[in-house]
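What follows is a pair of complexes built around chain A, which joins chain B in one and chain C in the other.
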Partner chain A sequence: MKEHHKKDQAQDQQKKGAKDQSKAAAAPAEGAGEKKLSNAELKKKAKEEKAARRAAAKVSQPQPPAGSAPGQAAEGAKGGKPKPKQQQDGPQAAGSQHGKAATPRSAAPMPAPKEAKPSVPECFSHLAMAKGVNLTQADKDVHPAVLMLGQQMSTMAISDSTTRLEATLLAFKKVIDSYTTPHGTTLSRHFTSHVLNPQIVYLTACRPMCFSMGNAIRWLKLQISKIDIDMADSDAKKLLCEAIDSFIHERITLADVVIVSTAADMISPDGGDVILTYAHHHLVERALLRARADGKRFRVILVDDPFERVGLAHAKTLAAAGIPVAYAPDLGALRTNLQEATTVLVAAEAMFSNGAMYARAGTCDVATAAFDLGMRVTALCETINFTERVSIDSLTYNEIDPERNTDEEFRLLFDTTRDKSISAVVTELGICSAKSVPAILRKLEEL
Partner chain B sequence: MPSVSSGHALDLEKFLKSLKGQPLEASINSLISLLKRRQIKGSEPCAVATAHILLQVVARSKWHDVDSLLINVSRTGRKLVDAQPNELVIGNIVRRVLGLIRDEASEDRGDAGDESASDAPTPTDIVPPAATSQQWTTRRLDSANSAAPAARPPIVSSYSSINPPKSLFHLLSTSPPADGDVSPFRNSGASTPTWRGNSSQIHALRSEVIDGIEEIKDEISQVDDQIAASAEVQIHPGDLVLVHQPSTTVERFILRAAQKRKFTVLIAVAPPRRHSAEGQHATFRKKLSAAGITVVNVMNGGLMAYMSRVNKVIIGARAIVATGGVVADAGAAAIARAAKEQGTAVVVLSGVYKLSPESPFDESSLIEWGDSSTFVSFADGPLVSGAEIRTALTELIQPELVDTYITNLGTHSRDHLSSLISDHYKREDADFHIWEEAEP
Partner chain C sequence: MSETEAAVAQQTTELPLRSQPNDSTFDIVATYRDLLASDPDLTKPVAAIESLIALLNTVPSTTVYETLDTVKSHSDLLKASVDNPLPLQAGTDLFLQYLVASLKQQDGSFDAVRQHLLRNGRLFASRAIAARNGIAEAGWRFVREGKCVLTHGASRSVTGLLERAAKNGEGKFRVVYVRDEVRAEESDRVVKELRSKGIPVAEIPEAAVAHVMGLLRQVHMVFTGAEAVTQNGGIISRIGTYQIAKLAAQAKIPFYVAAETHKFVRKFPLDQRDIGYKQEVLDFSSTGPSKQPRDAVDYTPPELISNLVTENGVHLPGYVFEQLLDIYGSLNG
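Presenting the complex of A and B:
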């Protein structure tokens, strides 16, 4: 695969996926008569119908109004359109693509909740947002595990990039498990376009994919395409599942262990270090707890995100581990807090290839203020989160908080920190500078 | 938070009403406790309350000459400043009143006795350096001998060097003052021994000072309007303007611009507190939407993400220190820093009365720490015992992050602030709050 065109390719694949999707929707319709559906497919269908029934019952309760049709969601991943337009397109497009199972039920409850939702402010309408897909509107080919995952993602129950990646891969494993290659075709040719792509389209519609998911899905598709045509179905599935397992193990589980211990080692064993961190990230938390477990004495200043108090629980965990914690609920008096600290430890959601760090909104403010004071800013990030894309400001790639997307309440989830304010990036491959992200990406290609 | 601010306005009104019925001491004490309990808070209410109480001091306290009036005013001022040291405007108003008294007194004296004014140093002239140093040393010796606390020498140490005596004759003819005369009151120019106010002069002085304080009060009430006058110049059509927790000054400014221009306003709202009601700045939003302005409430702590789009950041100051640093609501400094990163203009709105001649040595001294229970419940045992909660209410914006200051006198650059300060305050009064009570 030519890595330079990865991005375009990914988009192409997504678009292709969308097209295939409509084909896929049409295929079973004609196929139903001639070919008998396999057991797995029947079971899947039954499950799906059950899920759809449940969702239909739930519609009366306030639920994130179903956004877009799957076809559109593919491009919604990056640079989505203003919402109202999609809403108009929604029902027809969805209706046309849905199998017979979903359409009748979804028709009735749809229009009601839609009109009420005000639109995203004009100046930020280019940004992506997790729109959530009503279960009744999901494509019938979507596997139940993926259906559930999509709902968890759209409600931000699973929100950080690595956890999303892991959950996605595990769900895909289940998809692979329940897959049987139809007659007259092979896994490597059929699975990606007819089974995997609808899952991806659905997930993307629920919430725009994060960079790590894009990377992993590209990898997975490559693995699928490499499978020998003559290989038996069960062997191929086993091979794929093993590959996914080892991918998760290497790129996430082990990577986290290495990053955590490297970061913990960076804390001085003599004591006296004061570490300032922002909000909550599991890598930072684990690194701090690890350092404490190693017997290091240090203090933590935790600056929280004022509109999403994820830091409170973090502070509690640290305090329970015997680390003295100072908790600042917002960015007020940031300079004073920083002057007291010796180092800043944050975790990145992704790293762009120009060395910019994509992380929770507010991280950039902390990092620049620390840079002003000449402090060391360390970012923790698994290499799976590295992307070849380039971003120089925070409005190129960003996401709008799905719960606060109106004039009255508006919130961006991420911001982009330029490489100059980042002293070091800790990855599973070691400590590097932000500028060396493209070098690491090259290296990863060779592996 | 409209509900909260109206609550404070009520306290201020109640206090102002109570002024008439109470003896002076009681009023002063009640204001002190109101300030200490932060029932009167925010720079404008504090300034108004200070002006009112000083007016009462001038009108009702016992004084028989200018010096004793100055002492009365500065003593009251000192108590108020001690009650709420973070509110620099209190000190500013006290300085303004002290300066006013000095001005009026020197005018009076000019009318009363021309012959003394002609050869004595002019009122603004302070003790020459030679005298100062001598005074300084004798004073040091003196305090070393006696157990009395060393009185801080008057402002002379910092200012006299800038004000050299006019001629050698002055240098020689001015005899060093006696040991006890270290209070700035003796140097006030108005206190030449020949000046003993008769009752009519005192009466005239009193009424003139009262008029002056009334003018200060008028000035405070007109500040918002005057600042708003320059709104159209600053805000251009199509701008994306970011305001941080808009005060009434900022709201008036934006609303004035909204009459003529179409632009978009981003409001950086205050973080939700545990007990706060929803819908911040609702009335402001309503007014702006009525004018056809798009308003977006931004719920991010750090606003770096938005800065590439924002054209202007407008911050309402609580106070401005002499260096140009701005005391503002917590979070403003991060916004100003973010603006600097993207080269976005930062405009600070402030009445001249908020401009303080003080410049803090330590920026953290200007941070007011708030109630930790706004964010963390006391029921949360592990957190209460395990973590230190730091809730900053105000903070200092570094002077280099601010591009323009707009006051009721116009638009100023940072370099111009010092001349504004010297226009409004007398050097003698700069450190009034740390004068020892040397005088009986």
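Presenting the complex of A and C:
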């Protein structure tokens, strides 16, 4: 793959003239990408940009201002519009301009001009990536709230599994609200296939669905199919919206409360605990703050994700709450940091049924090193993120970092930690060992 | 739920006309100790259940909530009276859950449940003994002809199992018993009991375990009992069990635990630090001999346990979690 790419590049370079030839070996796709945008292409791009802007303006007008923060909304609405290109995001922006490159498994709403992205190595070609779906290319049936959400997801403004799930369900509530059953059919037969599915296809095109969204959508479809065909439209819609509300309440809001308090209780009240955590997750942050509010004294060592420094703000929040925090910007000196710690506290994006934990890339390194040193590794996860699927490596299920998918730098967003490196998984049903995930899944099926 | 319960309890205790159950007249701790002392067949969880039934006997029939509250407060009293509350918690939790479940079934007809409990007061105890026989039935086939079993402690489940195996073929298997010098009397009793069934026993000191396990094919399996089985499938057991389990894992010898399902408890220890109560094993002193706690326990993680032998059959450690989830619905105790 790499060779192939180099060949491409070489040809490109030849076309442009050999002035950069000496740099060619080390340098890259970005140069090539930038060059590709020659006069004709630039013109074409400008045209497309204009069209996108118009479409965005058209779509964002009738949009209800509800949802997330206005700043985010604005950003989301503008998401389709390419930003002025800088050198480094050249190839990627070009990619999004031309629609999808490595096509997602599901059919995209609009047949986009296909173009194999040379920068994704073949061994990762089965993995999907978040990418902005141009608003003009979205299916006409996609609800404005969902359109906005899709843009937020593709720009990673909403990134963690549970937040995405909640936002999705809330957007679907709006879809249900604005729906009227056409004459001659019934809600339970028409809604899923004709209205809900295009939304799902669009969201998946923006960013591959996370496991919790898959679980919740399966649940929602079941609820829809259960609706009595004789029920009045308004009643059915009310019923569905109430069901969604209670689902969010039970599986997310209350679950988080229980998990946070269980995790906070696991911190020793005698003081002296040193908790090492990785990057940022709202569950971990809330658990630590809660423990502090309960009057517990402990220290935190925060190891940050070197690619996305989400831990900085987290460290500041903890420090502001009176928790002594040591901040490590990356995984260097991990063992040294671990030797000072007593417990590792991380949050999972999902749990596989073989007990493996799917979490932010780097979590596996931390957990494995901690396990080797004989420490406790505690993972926090809502049961909605549990999946029946099995994974023993980090490659079967993953996502490509949309910001790092070139020849120069390439990165996956998640990794998989094996069950033996996890001492306990804290869920809203209680603390369990990673091996007990299938037992919980079975229990959830009964409920 | 608990708030309303508390509110109801509050109300009922404040009502001046109601005859109040006087907590001081019934000494649950003494009842528990008497029960344990009088019947050598009782395990700690079952003794706890029996004493709670005895408590219901003395408390006049009042409201459901009040009774649940009394049971809860006496359970706490009982747990506070011993060093290691886990075995008792297994019993009291189970009893409370049983009470609530049967109240739901009976449509809240509390008297019926109460009468049923009192009439069948010894039911739990007899079931516990039946459970031990069940363990022997489920596990004796592990001890085949020519095998050698290493054990320690004084678990009645283990001796029961070995006796059952001996019934099948006297003198066909051998036992290595790890002697506890601190409890020489108990060790001697267990060894004598085993020898009286015609089982050849070799006693070894604790320090010799690794060596004996290293002798080629001299020890084929380890059987121990447990005070409590934790929800991840580990066990809380007499101190020394953990190191035997580690040595067995090192020597690739299967490590079996014989325990009744009523010893399953909703507790998730993460490691040795986390056995659920304060235990001062380390007593640094420059003047005199350091003190050791009586009845010290340790925690054996599920990774070191090959199988749990229960009255419901032989299971992997993960079985405990499924059972507890079935009984309690959720594991937030």
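Just so we're on the same page, the second predicted complex is superposed on the first by the 329 of 447 C-alpha atoms of A that agree within 3 Å, B and C clash if a C-alpha of one lies under 4 Å from a C-alpha of the other, contacts with A are read in each partner's own complex, and residues count from 1 in each chain.
Criterion: a residue touches a chain if its C-beta (ideal position, glycine included) is under 8 Å from a C-beta of that chain, and two chains touch if they have at least 3 such contacts.
Keep in mind that what you see is a predicted model, and the values were worked out from it rather than measured.
Participant: Kindly say whether there is room for both chain B and chain C on chain A in the superposition, answering fit or clash.
Facilitator: fit
Participant: Under the stated touch criterion, name the partner, chain B or chain C, that contacts more residues in chain A.
Facilitator: The partner that reaches more residues of chain A in the superposed model: B.
Participant: Would you check which partner chain A:A424 touches, where first means chain B only, second means chain C only, and both and neither mean what they say?
Facilitator: A:A424 sits against chain C, while chain B stays out of touch.
Participant: Which partner does A:T363 contact after superposing on A: first (chain B), second (chain C), both, neither?
Facilitator: Only chain B; A:T363 stays clear of chain C.
Participant: Pick one for A:A326: touches chain B only (first), chain C only (second), both, or neither.
Facilitator: In the superposition, A:A326 touches chain B alone.
Participant: With both complexes overlaid on chain A, does A:H249 touch chain B (first), chain C (second), both or neither?
Facilitator: neither
Participant: Taking the superposition as given, does A:S436 touch the first partner, chain B, the second, chain C, both, or neither?
Facilitator: second
Participant: What is the contact status of A:K226 with respect to chain B (first) and chain C (second): first, second, both, or neither?
Facilitator: A:K226: touches no partner chain.
Participant: Taking the superposition as given, tell me the minimum C-alpha spacing from chain B to chain C, whole angstrom.
Facilitator: 19
Participant: Where on chain A do the contacts with chain B and the contacts with chain C coincide?
Facilitator: Touching chain B and chain C on chain A: no residues.
Participant: Give the list of chain C residues in touch with chain A in this complex.
Facilitator: Contacts found on chain C: 231-233, 266, 268, 270-271, 302-303, 317-318, 321-322, 325, 330-333.
Participant: For chain B, which residues count as touching chain A in their complex?
Facilitator: Per the touch definition, chain B meets chain A at residues 240, 264, 271-272, 279, 285, 294-309, 329-331, 333-334, 337-338, 341-342, 363-364, 367, 374-376, 380, 382-383, 385-393, 395, 398.
Participant: Which of the residues in chain A come into contact with chain C in the complex?
Facilitator: Touching chain C: residues 258, 262, 266, 374, 376, 378, 420, 423-424, 428-433, 435-436, 439-440, 442-443 of chain A.
Participant: Under the touch definition given earlier, write down the residues of chain A that touch chain B in their complex.
Facilitator: 121-123, 302, 305-307, 309, 312, 315-316, 318-320, 324-337, 339, 361-366, 368-369, 372, 393-395, 398, 401, 404, 407-412, 414-417
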